[in-house]
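Per-chain numbering from 1; labels A, B and C assigned in written order.
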Amino acid sequence: MLELHEVSAAYGDLQVLREVSLNVQEGEVVALFGPNGHGKSTLLKVIAGLHAAHSGSIRFRGEEIRGLPAHQIVARGLAYIPEERHLFPDMTVQENLRLGAYNSRARSRIRENLELVFEIFPRLAERRNQLCSTLSGGESRMVAIARGLMSAASLLLVDEPSIGLSPALKGAVFEAIGRINREAGITVLIVEQEIQHALALCHRYYLMKKGQILFERAVSEADIREIERAYF
Amino acid sequence: MDRFLNAIASGVISGSLYAIMALGLSIIYGVSRVFNFAHGVIALLGGYLTWMFLSRFGLGLLPSMLLALPLLFLAGWLLYHATIRSLLRKPNWEFSTVLFLLGLGILLENVLLQLFGPRVKAIPPFVPFDPTTGLGTLRIGPIITTWHDVLLVVVVVAAVLLLNAFLKWSWTGQAMRAVAASVPGALAVGIDIQRVFALTFALAFLTTGFSGVLLGTKYYMTPHVGWEWMVKGFVIVTFGGLGSTTGAIYAAAILGIVEGLVSLYLAPIWVWPVWFAIFLIILLLRPQGIAGGRL
Amino acid sequence: MSNDRKLGSKKLTWRTIALGILLVFVLLYPLVGGQRNPYMLHLFTLFFIWSIVASNWNLLMGYAGVSSLGNIGFLAIGGYVSGILAKMYGISPWLTIPIGGIATCAVVTLLLGLPALRLKGIYIALLTLIFADSLPSVLTQTREVTGGAMGLHDIPPFFPGAEKIHTYYLCLAAFLVVQYILYRVVHSRTGLAFVALRDAEAFATSLGVSFYRERLKVFALSSFLTGIAGGFYVHTLGDISPTTLGIEPFLLAIAMIELGGVGTFFGPILGSAIIVFGNEFLRVADILRLTLLGAIICTIILFFPGGLMQLLERVETWVRRRTARQPVRG
């Protein structure tokens, strides 16, 4: 579904991604591990069209999307859920979610997507008329993920959804992502530091260090020590 | 007491005109963070174009506005894509846009001067009034006003409600509010930021031009009066809180009334110094204004 | 390798030679014929004064990144103070000019510099704009002393019997001294601090650069020197009025900086030369003057944001590339 071939990107003179190649099959959850600051977030941003890749190819459903503006990438079914969430603070939860369905494909499915979202995140249903600025950290994370769902995306790019959350909330977030994948059939590429949780969720994972993919494993061959070693 | 009430009434009227005038400035800043230093001349443009269709082409007031205002909408959209867009890409956009719009404002003001001359123009009021014969005046208790003024307030209220409804209920309006709240958030939900910026400029120019027409029915228009309107607009949006349209409306009402009271109790000549003083006080003591706009 | 070094020093010598020639020209001009053309002497004198204004505005806006729209006000305060003291109290301009500078520095640092410490970007632009915009009202209120809307006239010259050639050299001296000061500041640690705070504030403060101190410094210095220029202005021209605070001088000054190149050292000097001498051509177009000025400013900002200095750099690079293709001669 998503194919990256030798994608490179830089911030000014600083090379951040070096010929990264990876792929995500439809229906999978693929995790991306690696030390902080080594390009994982940048990779997601590049795929989402928020940062330019100066070489390589990014194909989504066979179509080349490198170089497309961000809004066209969302329109094609790829939603990016940033770590910083970037919600609209003076709008209610419901308004934020509805805006998630801004792209034309999603507008006709607002009602059913809202139902799906409130089913997976019942807490949000309770808070639907609350301003986002009044939400807790965990709740705003959920709104961010839910908002991505509202875009009727077939592939979610999720950047560290559990960071800064309490263990209970972390579990809830991962459970939600798992349900999204299994019940709604949405493919997920997730960047995470919570290795155990992510391994319980994903089908395959990659390890990225210094802007390069070091290795790829199926979850059945998961080797925690190998992962930990790569972090040092 | 009567004079006090009349001063308040006239303050409400001018306040409502100020409100519609300041909205365009507020919208552009709120969504794109560009401060429109050509704001005054855009209002004048609306007034002068309408006047031109009225006087030189002999059309009625409504047809003239229906011709002039879409032109302003288009002008805003074009200006954004042709110039502002490229300025925003560079790191020093904050003051390159200020200087560019300042230069543009002077340019347009002098073009208006060339085309229309320095003499005063006025747009005929919706309901003609004549103070000597009492034609068109309206008495509400102790308050003496004119039908035209009352209509002005009604029109402004209607326009503000319309704008609010647009911003709250339409997809484009919500997109504008989204971009104003968080550009990365707007990108995440698939909003085309450039399109929203362009539409914002277009809508703001339309609103500002419209306010110019209204102002032109009540006050004199010369190419130079745009600067004065603009400075008042600056005070209003700062007082209200940069980026907040609600704040701007409250600020306009308050400042309109203050202006009326100052005129009554001090003297009209004190009006300008009071505007300046208020501006200075806000900037020095509470720059984020009433509604706590971004600092 | 030696070719590079030669080319490197060649560029430096090229510029230094050009500067040297201009300097000699400007020093000798009145003596070798300038006397016959008092109008040109006058223009040169205006250029010296305005380039001080432009260079200091550029220090504040270009180097320190402060969006100030009110520097003409600095000129006016310095000019009015010096003019009033000299005219009403008979104090010698040698004293009143520095006093004017100090007064300007005090007023600006207190009214603008201090508040600017807490304000960002657009708010500073608005504050400085309203400062300059409100000065004419202040002048009108104090009309017994300042002459109000009519302005201050018959301001005594630098010394009794001063002629155009004396004024020329005095302003030239001021110009050279101020530009030297600015040059040293820009190339000092302070100058570096200004630029660092402009480009990467968080990083600079984390390195120990004091935002407050540097901001106040740049306001104080640019206002002091511009106030001094104001003093030179009034004693050269003999009068000053609220029109100096009008839109035209403001646009002219902005044009000087933008045309030359914001944030460069020689840009404002180049720009002010072109504007002062070119203004005469604009005068021909009389009624269209402001339209043209506005159009020039818009065009420069859109298409030549780096001004003439950037253009010159590009030409230099082009020339260097072409001469580098020449075979190295033994």
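In this section, a contact is a pair of C-beta atoms (placed from the backbone, for glycine too) under 8 Å apart; a residue touches a chain by one contact, two chains touch by 3 or more.
As the structure is a computational prediction, the values presented were derived from the model and not from experiment.
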From chain B, the most remote chain by mean C-alpha position: A
Chain occupying the middle, per Cα centroid: B
Length of the line joining the C-alpha centres of chain A and chain B, rounded to whole Å: 43
Rounded Å distance, chain A centre to chain C centre (Cα mean): 53
Distance between chain centroids, defined by C-alpha means - chain B, chain C (Å): 35
Chain B residues touching chain C - in the complex, by the definition given at the top: 35, 83, 86-87, 90, 92, 94-96, 98-100, 102-111, 114, 227, 231, 234, 238, 242, 272-273, 276, 279-280, 283-284, 287, 295
Residues of chain A defined as touching chain B within the complex: 48, 50, 69-71, 73-75, 79-82, 84-91, 95, 98-103, 107, 147-148, 150-151
In the complex, chain B residues that touch chain A: 171, 174-175, 177-178, 181-182, 184-185, 187-193
Chain C residues within the chain B interface of the complex: 61, 65, 67, 69, 115, 118-123, 125-127, 129-130, 133-134, 137, 247, 251, 254, 258, 262, 287-288, 290-291, 293-298, 301-302, 305
